[in-house]
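Consider the two complexes below, in which chain A is the common component and chain B and chain C are the respective partners.
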Partner chain A sequence: MNAQEVKNLIRGDRLTLSRILSQVESQSEAGRQALEALFPFTGRAHKIGITGAPGAGKSSLVNALTRQLRRQPDAPKVAIIAVDPTSPFSGGALLGDRVRMPDLQRDPGVFIRSMATRGALGGLAAATEAFSQVFDAAGYDIILIETVGAGQAEVEVVNLAHTTIVVDTPGTGDDIQAIKAGILEIADILVINKADRPGADQSVRYLQAMLEMGYARSGTAGHHASETVNSVAAEKPAEPWLPPVLKTIAIESQGIEDLLGAIQAHRKFLLESGTWQVKERQALQKAIQRAIAQNLMDFWEAKITPELFEATLQSVVERKLSPESAAQYLLQTIQGL
Partner chain B sequence: MNAQEVKNLIRGDRLTLSRILSQVESQSEAGRQALEALFPFTGRAHKIGITGAPGAGKSSLVNALTRQLRRQPDAPKVAIIAVDPTSPFSGGALLGDRVRMPDLQRDPGVFIRSMATRGALGGLAAATEAFSQVFDAAGYDIILIETVGAGQAEVEVVNLAHTTIVVDTPGTGDDIQAIKAGILEIADILVINKADRPGADQSVRYLQAMLEMGYARSGTAGHHASETVNSVAAEKPAEPWLPPVLKTIAIESQGIEDLLGAIQAHRKFLLESGTWQVKERQALQKAIQRAIAQNLMDFWEAKITPELFEATLQSVVERKLSPESAAQYLLQTIQGL
Partner chain C sequence: MPEKKIRVLIAKPGLDGHDRGAKVIARALRDDGMEVIYTGLRQTPQMIAEAALQEDVDVVGLSILSGAHNVLVPQVIQKLREVGKGDVFIFVGGIIPQADIPGLLQAGVKKVYGPGTDTREVCQDIRAAIAERQQA
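Let's turn to the complex of A and B:
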């Protein structure tokens, strides 16, 4: 990526942006160089993660929220990253793109990109982080990261975000499952979407009760961000953030104004409490650690021969050597670690 | 873990088993040594992963399947690993255990263990693998691994399994979301649970059509296991496995006999096609790689001072250095990599 390309990207050229994203996604050397060149221009965008069970209406909510954002007086530029677990049937991105609205696709202040990443564990988080940096450098004010489910990988993805929105639908009884899935503790804002369905108010009350229970039990705030502030930058006790529980009907754009209000309030909270800075620092720390792990593994893979690895694996298959002993043996063999 | 303890475990002593599992879960040195001592006794158990969206009734299905297994003439010993993403509200395991049936808890041939693992990426898969090895050495014939969701971490977990069962409920329209979540391609057996609800037959037909579409598109079999066989042990084309789609009503134990039949048929397929051996080899390969990565990171962390890391991180926070450059700088500093 040369200086002209950097200039073009920062000036908002969409073709350059598309090309850089593809380079980054394919983990090519060009992509790596682009991230290097763009890194000094990052650190400004508000990253917002949206997660929740399949069928909760996350895509519709992202669409409605984007329109609402674009209608604001300052008309912030919005990037949407749709993280789809890869499917050989859909190609991952296919179905994700179909539900996007044409008006958003035409808006020059909106950029939508699906991502279907298979591969190394941590690949999803690393790729999302890389995309965010490109959008950040390209002047996108808001980056919406939409991800399915509440598994560990999704938690990693939303950990990149400044603000995490967890979307659920009105439910009876299955709510207990949502809590089992451990999504409550990652939420900065909870949304009951499809709130015209029966049981919406009960769901809101139920979630509020659960949140207050966690809040009471932890002594201060049952909430990771505040805990982080207390432990890392403990100059004064941080104002706790109790996640609001909102009702929306995304396909009718109902409740979206309140949702935007909650997002803005959370941003204000982050900045005033110092949590924003702590989160930035943690994200960069993780990025360094990921890069170290990758460099170490690359170094190791270059040193070891396939024959040696296969022979060692065979001993493990035959139960003569445990995986741990095999690892230690291989590392000793290549460099006396 | 001394020789007497190994003997006790293999003889079926539940107290020893509990203690070893706790040692393994806490990643203590004792746990590491136990895995070393037990590894030669592993490689026999049939590992079965059960996954699907929250509310699909996975726990009920696991309960019903366990009872059915225990009623077989050979009464196989069954271990249940319930993988719960950690929640600070529930403590993760709490809710998971509540739905287990007392009759199973009393059965000396059944051992139930919940796991709520936070921590390093890959921790869930590594811990599940470690638990499986302990149960395997302790003579459990069947290991049922129940996991919530279809995120990347869950896919990692079920990748450890020989047979993966994906559970869904009758649905209309949301099915497209299930496919988005990429769960079809990991399924060896698909189950529509709560099949007394409306739409069960449509859901079955829909999933069958999707499977056959994927099957047709991939030329041979739209199925990862078969592809693996073809690419890794390609002596003769493997018989393809088209995942059956079954209906169950788990809480009434309906359809469980057919499900057990499908599991046994899949086991037979795995052994006769050579896929079983390929999966074992892949799992051990991953275990070696995980151990190598862990050893490398431990080595690195022991070498670098907190002061050096903090100073480097500060340069990254100030955008003077990118995370990649920071990683390379740190690695060069400690050993000239």
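Let's turn to the complex of A and C:
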């Protein structure tokens, strides 16, 4: 990526932006160089994750929320990264999130990019974070990251987003479902979409009860305090964030103003409490760890011969070696090479 | 290094509401290992070009059953060129009278597929065209 392309991207050239995203997605050398050149321009956008079960209405919510954002006096530029699953059998994917976003296709302040998971687990694609950096550098104020239809464990988005919205629908579970670990725990904002369906108020009550239980126990919001290893994290916010539970009907744009209000309140909370910096730091820490893992894998794949690997695998198949000791053996062998 | 996946936009310009053909072809291309972006019904040429730009697709497939192809297809191609995506492989599927096909090809369409087309033929045509472009 040359200086002219960086300039074009920052100036808002959409064709350059789109091509750079493809280069980044295919993990090409050009893509790596682009990320390198753009990284100094990142760190400004508000990244918002939207996750929830398949069919909960994530795309429709993104559509309604983006319209609402664009109607604000400052009309922030909005990028949407919509992730859908890759077929484990064919390697192909059907990316259909745009179908739910017809209102956004003519707005030059909105850029929608669909991406397939390409084998990644956790609800995002391997390049989703890199996409968010490109959009950030390209001057998008808000980046909405829509995960694949998520179950109970697709929680990767929380490592990337400043604000995580979990979308549920009425009648998807009782109070035991609501206190399980996983996707509900990562929510900064909980949304019961399709709230015109029966059971919406009960779902809201279950979720609120779960949240209050959490506060009584720890006095702080689940993931904000856990899993922090650096010194910045020691400065816990004085007042923890209590995730609001909101009702929406996305296809009728109902409840969207309140949702936007909650997002803005959460952003304010993050900035005033210092949590924004903590999250940034955590996200970058994870990024370094991922890069190390990737580099080690690349190094290993370049070093190991198929013959050596096959021979070792055969020993494991015959139960002469355990997978763990096979790995130790292979790593020691390639270190000697 | 992961291979570059072929990305295809399947779009329905105009006002007819019959999207079964579009969905069948989208599914077939997915099963052939391509990434298919489906836009839904009633897309204007401008919306299709904009989606092709944002999604950086290699291929645009237009499904038209309304009979308006002679008007819509050149408009889509015009808009694609305006946004800098004039180099995509464009195919049209649907009810297209034989007499209209030369005109569409003249306008920049690479292939026209009628009812009953074997979807494997479409996959092969796309792969051949992409391979040819990569060599060029």
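The definition used in the following text is that the second predicted complex is superposed on the first by the 282 of 337 C-alpha atoms of A that agree within 3 Å, B and C clash if a C-alpha of one lies under 4 Å from a C-alpha of the other, contacts with A are read in each partner's own complex, and residues count from 1 in each chain.
Methods note: a residue touches a chain if its C-beta (ideal position, glycine included) is under 8 Å from a C-beta of that chain, and two chains touch if they have at least 3 such contacts.
Keep in mind that this is a model prediction, so the values were computed, not measured.
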Contacts of A:Ser26 with chain B and chain C, given as first, second, both or neither: second
Partner chain in contact with A:Ala291 - chain B first, chain C second, else both or neither: first
Partner chain in contact with A:Met210 - chain B first, chain C second, else both or neither: first
Partner chain(s) touched by A:Phe111 [first = chain B, second = chain C, both, neither]: second
Chain B versus chain C as contact partner of A:Leu15, first or second or both or neither: second
Partner, of chain C and chain B, that touches more residues belonging to chain A: B
First (chain B), second (chain C), both or neither touched by A:Gly199: neither
Intersection of chain A interface sets (partners chain B, chain C): 86-87, 90, 92, 95-96
Complex contacts: residues of chain B adjacent to chain A: 32, 35-36, 39-40, 42-43, 53-55, 84-90, 92, 95-96, 121-125, 148-156, 171, 174, 176-182, 184-185, 210, 213-214, 217-218, 222, 280-281, 284-285, 287-288, 290-297, 299-300, 309, 312-313, 316-317, 319, 322-328, 330-331, 337
Chain C residues within the chain A interface of the complex: 1-5, 7, 26-27, 29-40, 42-43, 46-47, 50-51, 53-56, 83-85
In the complex, chain A residues that touch chain C: 14-15, 18-19, 21-22, 26-28, 86-87, 90-96, 98-99, 102, 105-106, 111-114, 116, 118
